[in-house]
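Two complexes come next, and they have one chain in common, chain A, joined by chain B in the first and chain C in the second.
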Partner chain A sequence: MMKKKFRLTDPGIFVWVLLVAIVIFSAVANPVFLRPRNLKNVFLIQPVGLGLASLGQAVIIISGGIDMSIGAAVSLLTSVAGGLYRDFPGVSVLTVFLIISAMGTVIGLLNGLLVVKLKIAPFMATLATMSVIQGGIFIYTKKTIGGIPKSFRFIAEGSVGPVPFCFLYLAVIFALVLILMNRSRYGRHLYAVGANEWVASITGIAVDRVKLSAYLIGGLLTGLASVFLAGRMGGGGPLVGKGYELDTITAVVIGGVSLAGGDGNIAGAIGGVLILSIFSNLMNLLDVNPYIQMLLKGLILITAVFFYAAKTAKAKGQEA
Partner chain B sequence: MMNNENILLEFMNIDKQFPGVKALDDVSMSFRFGEVHALVGENGAGKSTLMKILSGVYQPSGGEIVYKGEKLKLQNPHHAQMQGISIIFQEFSLINTLDVVENVFLNREPKTSFGLFDKKKAAGMTKKLLETIGIDIDITAKIKNLSVIEQQTVEIIKALSIDADIIIMDEPSAALSDKELSKLFDIIMKLKADGKTVIYISHMLEEVFSIADRVTVLKDGRVMATEEVCDLDKDKLVSLMVGREISDIYPPRSANVGDVVLEAGDLASGKLKNVNLTLKKGEILGVAGIAGSGRTALVETLLGIERKMSGTVSLSGREVDFKNIRQAIDSGFCYIPSDRKNQGIIAPESIVVNTTITNLDNYVVRGLINRKAEEEVTKNQIELLGTKVASIDQRIEDLSGGNQQKVLLSRALLMEPEIYIINEPTRGIDVGAKHEIYKIMRDLTSRGKSIIMVSSELPEIIGMSDRILVMNQGEAAGILDQSVKTYTEEEILSLAVGHEYRLPAGGCDDEEEV
Partner chain C sequence: MKKGLSLILITLLMLSLGAAVFAGGQQDAAGKDEFVIGWSNAGMGDSWRQFLKANFEAEVAANPEIVKYYISDANERPEKQIADIDDLLAKGVDGLIIYPTVGDAIIPAVERAYESGIPVIVFGGSINTDSLTCLVTQDLYEFGRSQAKWLAEELGGKGKIIMLSGIAGNTTAEERLAGAREVFDANPGIEVLDHQYCDWSAAKTKTIVEAMLNAFPEIDGIWADSGLMSWPALQAFEEAGRKLVPSTGDQLNGYAKYVSEKNVPAYLYPMSTRLSAEAVKVLVAAMKGETVDKKVAASFEGMGPEAIKKFVKPELSDWWWVGDDQMPAEFLPRL
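Take a look at the complex of A and B:
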């Protein structure tokens, strides 16, 4: 039996080609990029928050949904982390960690229920929760809340030997999600539901439960991302997560995950996150105006979506 | 006999080379003015490629097209249209949210003196065209509110509005009921009478005999034969298509039909009125009826996809009440729906994933899927059913219809159900693959499994069913036991429509009389 052909332009492989290309480009464009301190920041620390949130986004997109509320959720959860330390000085790291993770999961549950029980289209449902959450934050606080103690900041700033703790934090969670998606029965069901709900149902898969769980996982991962971000910034604020919904979607799409659901590898999302991380770093090194950075990011998303859509159309044309 | 003046279009030694495949090899054939010319062949025989060349989508690698006595090099589909060659694809190219008139004149809108869309004029022209083919549809209706045959009519009108001389219909009957099909045939006869040439691509050989004057058989990119339909019989046509004699497409029925395994009493739902049926061990129960007669509603109510309003369903004497299909599956049912593309395959996933999705538990060791084990099982299934695949990691959507259906059968087999419910088991599948699927179904019944087969292909219903349940407007119009005698298409259709029915006669008799 013939093995599947290996093509560099296949979505899922192309992201890694692109990653290598952008690394080489950055190294040439500005030698500062290659300094160990910068490399450590770009590869091991910077990508952690977006990486965790993008894993959640990827799980949800693969299940056939989308989450527009991630940014607002990150803002809320980091603010709450700051608020907890402000209002309950001496609260333990574990307590804060658990509360933030649980709150993330509850937000996921809310999104999931809207989609599964009320049958609201995922884009609209999560856009609505985004507004609800964002409003809630502003009622809770209008300013950033700092004062997160060093003990909590270990999550983002600590090291185990030479390796940043936060990198291990991402790596372990990534490995777990990867195994869940690629090797477990549940992951297979998630892909099936994302690709074709009807078929999934007639093969005996509990479609609603699977969809709901995707949002739960997504919410939990948003919570875990917020824990890191709160530690990294030493606090939180109402605009901390601004743009996260779009950044996570960009990362996932660059990673070769189809917005139509049911297609693409979760690992690609991490590739997409690294590309975005290097991109921001490069822009900063080259001293590019942040508004232009924002503009360029939008163009990258368009290019990525266009590129993969063209690939898919071409593949379809060949078989006809 | 052949008269050059009668020839509208001729393919001369057409070749088409794709990377690694020769899709068309030295194809020469001709189309006459005002003839209905059927193009048949198994999947991959080259029918679509040839028609894509004729409609300007592909360029031939060699050979030429002679049209109205002159060489014709088609640049693109628009160019072909301008030359009067129009193709109606299986999936219509209509805009659902626009009305009939807007669709017919899309991109060719007649203008008023102010340069605006002259809808009145367009509506008048549309009406006139509808009159020429003798069909009446509401031209202000949006496409999405029309039936399939009405949409097809709009496509035909669209072709006529650009003054097409050649109209290519790619599998036009695929989504039509029998009644709609006879309407389509009426339209085709009118087109023919107006001197239009119709190229009719179909898997359904009955249709070829009903409507075509001549038929060309393609196989592996070559022309096997072009024949007057009158000079052929079905067996000869089939053997030309598959390149070997098929003495019997339908394998013999199994002898050992056992006890009743499934019984439904006075089953009623939105579309069903008090249907009674039984299904025995080792039996194939065919469900016939015209589209909309409640065939699919019946099986989907049995499965709990549609909720029953009253009546009982019992399995081996034990009453059950399925609230969803999962409960039916747990009780030993499986379902293969008719719409393979949207309701059967999981398109972006591989053959392995599609095969093992139903019984993943069998490969899970300590929470993880054992890939080797599921690949092993998939390979066994492929071998068992003779599925043709390039690799088990290949996407299922890249397989032909027949091979997709075999993967779906594998998926069902792995569920180890007692009762298979198969809706249109061979829709859009070529004759050779059909035969193989029939063999698989027979093999299942000989192993004591039971099958409910919904089909709109009467030869299949007659050839495969031990008993036939004929549906008519949501009611069971009759149950025909074929162990006593083999029923005819007329007998089944008469029950299905509620009055005496005679099949439309083929074109041959009339022509011979002239």
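Take a look at the complex of A and C:
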């Protein structure tokens, strides 16, 4: 294998360059950005929910799939967390944590089975699950269920010394996923399957099992994200996760992960999430009109995708 | 080269994180006579929200002690609104107004803001916490009840109706619906043929009502929680060549224009955008250190056919809000 040359425009690097650029710009644009309290919000707390869900989305996308059901799953799981406390006051934090994580994994299993066993295209399969879950939520509850107690909210609001607990929560899970994806044989298989299923299968990789496992991991991570979000919102409701699937895809794409599968670093997803988090904070600090915000967000996405597409085209050209 | 650059990037990030870890204290607003306020708004998607903002800005201008204001937009998402509230607090506002996306999904942020020591006014929704200065609200059950009572009376307590709601799961839509159902359940002569969520969308309403018109040969009345739906519903009746029936809605000018032009009985119950101005008034009082009630329930009167003829603005946009335009002209939305 040829040793890769290092370039700032490499997708795995570009996201971090973009991140540093936006940090520097924010610091210059408004001094409030550098206030410790603001930095703590923007780096350590606000990115946690989207960060965890985007890690899941990234694993699935790298395996060659996509998950459109994340938003509905977040709505369902946070609602159930609220519902558990409503119906069983005094339930332990650990029990709720385990139930929500398990339910997330089951949703992942469902998605995985539709894709692997019924051979439904991932986009359609997970779009269908989205609709099924959304319907299910409305049967379960039409209203937001609040009232999650402080003990559970510790996950989102508590601190260990000066460090917010939720940051540690994200950091540990991120480290585990990073090791799994970048340092294990399983991770290599996942990339191989995402890049080319047929080639992967003739090299002896159990393609179906690998694909299924990607959805399981994705579902688990959605569950873990929902645990944080339920704590952060103090409850859940039928609409609270709306649009989350698109946000995770945006973060993952900005992070340099190819939607075609098999390419990109999982860490990029976190970079993408941080960029979105800082961007949103900056827009608030500068008091930018909401319509302009949407427009600028689109421009960031296009810039990232443009860089990556140009890079891929060039790489393909060199191969030929 | 690669290592060097990575090192720089990592150092920069670590520095930011390091600074972030040592979070600072809070500002104190007491004893000031100039105020900076923040409004964490849920979204800016339609003309009703524009009137809400116009009423807010007109009231801010009427209070010279407010020297600056910020408005954030949560894009209708609670998680974004929580971040917005934290951002406004980081900017150091002296008072905060919150129009909730989903009341019970932002409680921790509302409590955080209140515990930071500034007055926090929540308006336009329900929220299940006492950790706020004042909840300025309109009774949405009463909204639905009042509409339903009028319709039941208009039909003489007997008839087949359809029900059209906003967005499933949305607190406003669900509470209006619950209020209306209460009344219809108590009126055995009223038969509810069908209830559907039309998302406050004209296009969706038309499609759904067209299907209802095919399914039911007799429909005597329309309960809709908003003119955004009763208006297109009536248009669907007209296009199908069916007799126009009594309907309910809110103070949307287009709907008011349509029913007064067609001379068909209707009932408008206002979802008043003046509520944002009420919130500003309460906030200013609280920032000045005056005692304010924990809850302010603004009440409004419904408009029957006669009142509609009086308040309708035939020369203005369909997206005008009847009765909500009592402000200096420069603040009025350009529609």
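Couple of notes before you dig in:
To be clear about the criterion, the second predicted complex is superposed on the first by the 302 of 320 C-alpha atoms of A that agree within 3 Å, B and C clash if a C-alpha of one lies under 4 Å from a C-alpha of the other, contacts with A are read in each partner's own complex, and residues count from 1 in each chain.
In this text, a contact is a pair of C-beta atoms (placed from the backbone, for glycine too) under 8 Å apart; a residue touches a chain by one contact, two chains touch by 3 or more.
Everything numeric in this text was worked out from a predicted model, so none of it was measured.
Judged by the touch definition given at the top, the superposed model places A:Ile202 against chain B, while chain C stays out of reach. Between chain B and chain C, more residues of chain A are touched by C. By the document's definition of touching, neither partner reaches A:Lys117: not chain B, not chain C. In the overlay built on the shared chain, the residue A:Gly262 is in contact with chain B alone; chain C does not reach it.
Judged by the touch definition given at the top, the superposed model places A:Arg183 against chain B, while chain C stays out of reach. In the superposed model, A:Pro290 lies in contact with chain C only, and not with chain B.
No residue of chain A lies in contact with both chain B in one complex and chain C in the other. Residues of chain A touching chain C in their complex: 6, 8, 13, 16-17, 19-20, 23, 32, 34-46, 49-50, 78, 137-138, 142-147, 153, 156-157, 162-163, 229, 231-240, 242-243, 277, 280-281, 284-285, 287, 290-291, 293.
For chain C in complex with chain A, the touching residues are 1-2, 5, 9, 12-13, 16-17, 19-24, 43-44, 70-73, 75-80, 82-84, 86-92, 102-108, 112, 128, 167-171, 174. Chain A contributes residues 1-4, 179, 183-185, 188-189, 191-192, 195-196, 198-206, 258, 260, 262-263, 319-320 to its touches with chain B in the complex. Residues 48, 305, 324-326, 329-330, 335, 337, 342-349, 353, 357-358, 360-361, 364, 367-369, 379, 389-394, 397-398, 411, 415 of chain B are the ones that touch chain A when the two sit in their complex.
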